[in-house]
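Structures for review follow.
What follows is a pair of complexes built around chain A, which joins chain B in one and chain C in the other.
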Partner chain A sequence: MGTLFRSEQMTLCQLFLQSEAAYTCVSELGELGLAMFRDLNPDVNAFQRKFVNEVRRCDEMERKLRFLEKEIKRDKIPMLDVGDNPEAPQPREMIDLEATFEKLENELKEVNTNAEALKKTYLELTELKHILKKTQTFFDEMQESGMGDDSTHLLGDEGLRAGGQAPMKLGFVAGVILRERLNSFERMLWRVCRGNVFLRQAEIETPLEDPTTGDNVYKSVFIIFFQGEQLKTRVKKICEGFQATLYPCPETPADRREMIGGVVSRIEDLNTVLSQTTEHRHRVLVAAAKNIKNWFVKVRKIKAIYHTLNMFNLDVTQKCLIAECWCALEDLDRIHNALRRGTERSGSSVPSILNRMETKETPPTFNRTNKFTRGFQNIINAYGVGTYREVNPAPYTIITFPFLFAVMFGDAGHGLLMTLFALWMVLKEKGIIAQKSKNEIFNTFFNGRYIILLMGLFSIYTGLIYNDIFSKSINIFGSGWRVNKIGPYEKDITLDPVHNYTGPYPFGVDPVWQISENKIVFLNSYKMKLSVILGVGQMLFGVILSLWNHRYFKNYLNIFCEFIPQIIFLLCLFGYMDILIIAKWIKYSGADSGCAPSILTAVINLCMFSFTKIENCPDFYVGQEYVQKALMIIVIVCIPWMLCLKPYILVRQEGKKKFLIRATQENNSNQKDEHSGDQVNDVAVTIDGGHSMGGGHGEHGEEFDPMNTCIHQAIETIEYCLGSISHTASYLRLWALSLAHAELSEVLWSMVMKIGLQKRGVWFTGGIIMYFIFAFWAVLTVGILLIMEGLSAFLHALRLHWVEFQSKFYKGAGYIFQPFSFEIILDEASAEES
Partner chain B sequence: MPCCGPRSSLCCLIISVWGIIMLSILGGLLYIDSIAFIEDLGIEDTETNPNATYENIKDHFEYAAYNCWIACGLYLVTFFISLQQFYSNKRAISS
Partner chain C sequence: MAHSFVVWLVFTLLWGAIGGVLPLFIPRSDNRGIVQVMVITTAVCCYVMWLATFLSQLNPLQGPQVSDVTQLLMSKNWNS
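Our next item is the complex of A and B:
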């Protein structure tokens, strides 16, 4: 049987790897990605494992690389991503790599600290320059007003005489402060010094770069005049508190001029040094940027290999490592080859050995997929990973999922748009993968591109069947309805199916229904019946698939006690209903439509053991009453059949087994009595007995509990019987969503597009209105009908598969096969980065 | 010179392609008096004479067809503008 129908046959293998060849062998297996290693020392914590040192070194290297990457990103240097996949380097190369990274990191750190120190000096110098320039204007003003002159006093000689004091000497401090702090700074100064200081400020127009954060900040120059030492200390304290930087400012104009000259020349020197430093840094980073992706891949591979090696057991002789892994039976040859390559590469003379092991553990579930089936397998796995070797619903889902979606999304126009979108994604596949889009929503759509493509194609088909293209019908073959009467114009004409109907439309729904008033009534009846037929068909298929499960697992009891009553139950109730629906379509025409039985009444009567006869009409078929009663009796018989037979047989089997075990034990004790003298034989027999008992229990797994079995069976029976009724009703969502979709698109057309088709005053106004109306209609069509309705139809199709279809045969109790593969590890790492 | 972004020009491009194809077909269908659109044309039922009614309906159909074709022409213009925008955006990004 093909691998798509069931998961791969897996086997547990034991690997004996020479210590020197282990690294290369694991590296080869990682490239191959077909083996899932088991942790053989789960009790040992991460710090006590053998290769913990190497893992730590890899972590350190990774940290250095991340630091480098951050620096590269900060300088906006493009990182070369050629997408090459270097092999995992040999362990001895690790030292080289470490040395390289160490050197790079140190160099970069040094450059960074130097640059920071230089920038800090630069900032200070520029601030000083600004202070000197700005304060110059203050001092100049003072000069003009005569305040700066010590010899003239505010009050002239009078003041001196009156106060009798020595001439006042005004002190000042100058500094720079962040502009947004200036206001509160000024207020604080005023309050603390009680208005006895004089503050002047000027803004520095050009932003300055903060050396630690690299941000641009705006600052202001201030100068504070005060008198006396006490005020000076206060002012200085406040400046400190507001993190203003104070700079010494000479008092005489000549000194200031000299200082400014010095500062400017130093700034120039500093500039040249700074530019050289940044250039050096840039060179280092550009060189690193070329290799960084490559290095990342290498380091991650080494780390993954040591992680895997940590899961291995050491042989007693310390000469070889023992590993256990799950792998598919088909891949054994490739794994053998990889091991041989690995051993050759390491130069070891002793080959690595791969041993198949027998085990009672359930293997992981591994479904081989390609890019087309992966999306569908993911839908199934999202519900539950299949039990090992269980029937895989994915191959059937490939057809039924898009089909059920399309039943709900039946519109050829919308289907065409969806197909075009999916087709674009499928055709441009390689380009889009290379782009590595970070948009999560787009990636979701992209991963499901083949599902969307099929959904679109099926929607075109169902749209043509429903005869809906953007809610309009097309008339290709000529409607089957004729208006025979030609007379005066009438608004409404009633067409009689007996006289005006010539025959069915060859494909899909007759286009005449689009302009009829009872379109919804007609389509409802058609779509409702269609969805029940499809639903019962899918459930029946699901029940039949369970037969393949029972046969594969050799569970013949389940075939007789579950599968057969289940299928009879379903067929007698809903299979019969389907036959009635189809028979009614075939048997009755317009002429005798009055005699057509109501399907719903027929099914209710079936369950109630009653029968209603329509007046003046022949029966639907001869003996309908008796057939229906017989069917109902069979259905009722099926329930206890499902409920009781299996637990009863199991309990009896268990009883027999216990009896047999007791009998053998008695035998053994009898033997013991006979050979009471022979000690050795005695022991051997008891061990034997113990073994056979243990083996018997091992096969069954756990202790047999009759109560548990009964409850389990009761739950399953109730679930199935009630389920098949509610699930049939649940399939009516196919009709409901299809109706909603058709109505919504019709409303959109008649509310929006209709405006553009009306006749207006001037000849070109209609065209211009149409231009805007079409854009509006197009946006709404995509937004509401394609995306929103599409998502809701997708969700309902998903539910129909997960609940209604898979509950009939799919347990989904397995665990997934996660091979050790560099590809997966690297993908995960790059996904984490972004 | 790009005056609208890469996304909006792409959006306009797609809508105008869709508009050109769909409106030209729609216009054609209306021109041959496709019955499916009869309820969308807003025909008032005032004439008593069947011939006059028929002429009235034909007139409405023809008018709606011209509406579609005019809009189609406008979308042709939009198409070229947005195409130019799209490529100038692309060049601006790549350079």
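Our next item is the complex of A and C:
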């Protein structure tokens, strides 16, 4: 029976797998995803395990695949993800895969290095081309100005006259430099050479691609004229420092022309080679892109299998592997089947054996969920994973969580919007899952779609009860309140509950309250009482669930020493309060409103052992004073009952046990060789056995410590008694949040929508203004009232469940069942990627 | 009073039927128990909520305070 009420019954199994069949068996179990393997060699280093080599090979393959993926992404080739799920390949196929990946990687690397070298040459050639072209203009200019003669001095005629030497040859270097470096480069040259050089530059308009980074960079061509060898070395050094590339530039125009022709033709050749290289690379990558997802799945599966195999033990003969796993009792058949399939696939003749084992260890907690219940179970697990076989709050939370949310969020209009949104997600479920949205916020909402759906539906219900639809009421059944038909009407009158009232509105709050001035007074009193009634009800339910726990674990001591006083305590204090609330509603009417007792005063009096009478009025009921005093005495009696009885009984039991053990030991020593002590002996053995076997796990083997037990019980008692008072008060958040929500939505209406509705103008302006005002109102409604208020109500509902409800019965001290499942592993891996 | 009693009876029977009878007709499946618990919890929650609202208005101790405009509109539109 796959129910959610308690976690599944688990069993520890021992698997004997033939070494040749182990791989396929584990692969089958991984597909099944129902067994949680235990690490049988926890003290063995990860590098000393049996299949460490295989794991390493898988890592290597994964690295290669990631490299491939990176290259594919760089070329923006779409990766085919058909979502198919190939089976884990046989171990022998691993070699093929490895070879394929190796080949691909090498090919790609080779292509990449080639392409890089080619690109570098290409860059150099283009730069050279630019230099030749640009410098040509410089040389031309010189020629035009009559200084084309190489023997012209920098200083012109003046220099010639001054020096009187023979004309010296003017040297030059040409090169290319990053444009942003040009200014400082020029300054440096000027300073170092003391102005004795002459620099001309021209920008290269088209950006050039940097072969190492692939970025586009802007560069400039420069040419420097200087005189003499010394300056030449200096200039060259500066060029080096600024990472400018220098290119040889022939001095005569004819040589330059010839060179430019050569360069252009080489560039053309290079272009064809380069395009062929990229095409080849593209072809390789496109072929890889088709399979890469598939390969990833395969490699990850292999790796997961070897990781699991590493947790197994080798038996003495080295012929089979021994594994231990937790699995649900119900799934044993399916696991058997998977093992059989695995053995068949491997072709092994010896079947794999599965043994159930007895253990004292606490099994993991496994709650089988479906897509509907998963969200709710996650809410519970977020607080704490349930103790094994403990009552699971999830089935009750499915309804109470959305309901308490709706009590705080009560507005049918907002609820309707929420329902429609959730309904869209539920109906388009498959499409949305297939899209694999990466938007984290949307995914959070999407995973909680069924919770949101129920929250929306309950909000519609509570909204109708509160008679709140976007802060407006509807009058379906006819209000119970009447006003005098004859005018004139006074400014503000309070309708008389005796004469102006015909009867309660059959469903929800009377619409008259929405338009009355003292609406808040009525709603506060009503919502506070409603919150307390709901809160006490839920806490009571929680305490009753603890009875199911005690009964299931056969902990009868807890029933008498905890459950019974707890429930009496709660009923006498807050159950009584609820009864008072309801009785006051029924008993007192507008005619005797003066005699209606205040509930708060009544409860305070109850706790103070006092009693106040209202003058000229009868008591609430006959003997109220005595009943209340009796209730309080019972409440006070419950406290020592909870506090002392259990530790006392435990201490006495322990004393008896010790006495028994001592007695048997004495017996043994007295009658060592006789058999008469057998019966008592057994008892001692079982007690000892219990201690040694459960060692280190849970409470089984712990030494009994009376002090510890007393302290534990005292804490629990104080927590419960104070808790039930503070928790009752805590449920008032239902009132507070619902009030806040209703008020906010009313303020929004009267501050925004009302302005638009009251606008008067020419026949069409009002409509246009209304158009924008409605948009503003709608945005604020969704943004503030639906999302923000929704989140806050969600949080408070969460708190009410985690603290107020679950503290009554839920320990949450278990550990979760994490089956070995390919599905989970692959999901995690793909989540990591993104 | 008789009118109130009838209203009370109708809603009690309605939610009683949903919470007490409907669970018996849930088709058998793995999740039958969960669906039953859901139906019963829904009925209890909704009934308690309705009942509290109904009872709190059964014998009002105080009437609504209404302005003159509201009075006029109420007597025009609601007093049929």
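Just a few scattered comments:
Note that the second predicted complex is superposed on the first by the 784 of 834 C-alpha atoms of A that agree within 3 Å, B and C clash if a C-alpha of one lies under 4 Å from a C-alpha of the other, contacts with A are read in each partner's own complex, and residues count from 1 in each chain.
As a convention for this text, contacts are C-beta pairs under 8 Å (C-beta built on N, C-alpha and C of every residue); 3 or more make two chains touch, one makes a residue touch a chain.
All values reported here derive from a predicted model rather than from experimental measurement.
In the superposition on chain A, contact is made by A:Ile515 with both chain B and chain C. By the touch criterion defined above, A:Lys629 reaches neither chain B nor chain C.
In the superposition on chain A, contact of A:Arg49 is made with neither chain B nor chain C. Of the two partner chains placed by the overlay, neither chain B nor chain C lies in contact with A:Arg181. Between chain B and chain C, C touches the greater number of residues of chain A.
In the superposed model, A:Lys759 makes contact with chain B only, not with chain C. In the superposition on chain A, A:Ala778 contacts chain B only, with no contact to chain C. Applying the stated contact rule after C-alpha superposition, one finds that A:Tyr461 touches chain C and leaves chain B untouched. The interface of chain A with chain B overlaps its interface with chain C at residues 475, 489, 491, 515.
Partner chain A is touched in their complex by these residues of chain C: 3-4, 7, 11, 30-31, 33-34, 37-38, 41-42, 45-46, 48-50, 52-68, 70-72, 74-75, 78-80. Listed in rising order, the residues of chain A touching chain C in the complex are 1-5, 370, 373, 395-396, 398-400, 403, 407, 458, 461-462, 465, 475, 478-485, 487, 489-497, 500-501, 503-510, 512-513, 515-519, 521-522, 525-526, 529-530, 533-534, 537, 582, 585-590, 593, 596.
Those residues of chain B that touch chain A in the shared complex are 15, 18-19, 22-23, 30, 35-42, 45, 50, 53, 59-60, 63-64, 66-71, 73-75.
The touching residues of chain A, counted against chain B in their complex, run 472-475, 488-489, 491, 511, 514-515, 749-750, 753-754, 756-759, 763-764, 766-771, 774-775, 778-779.
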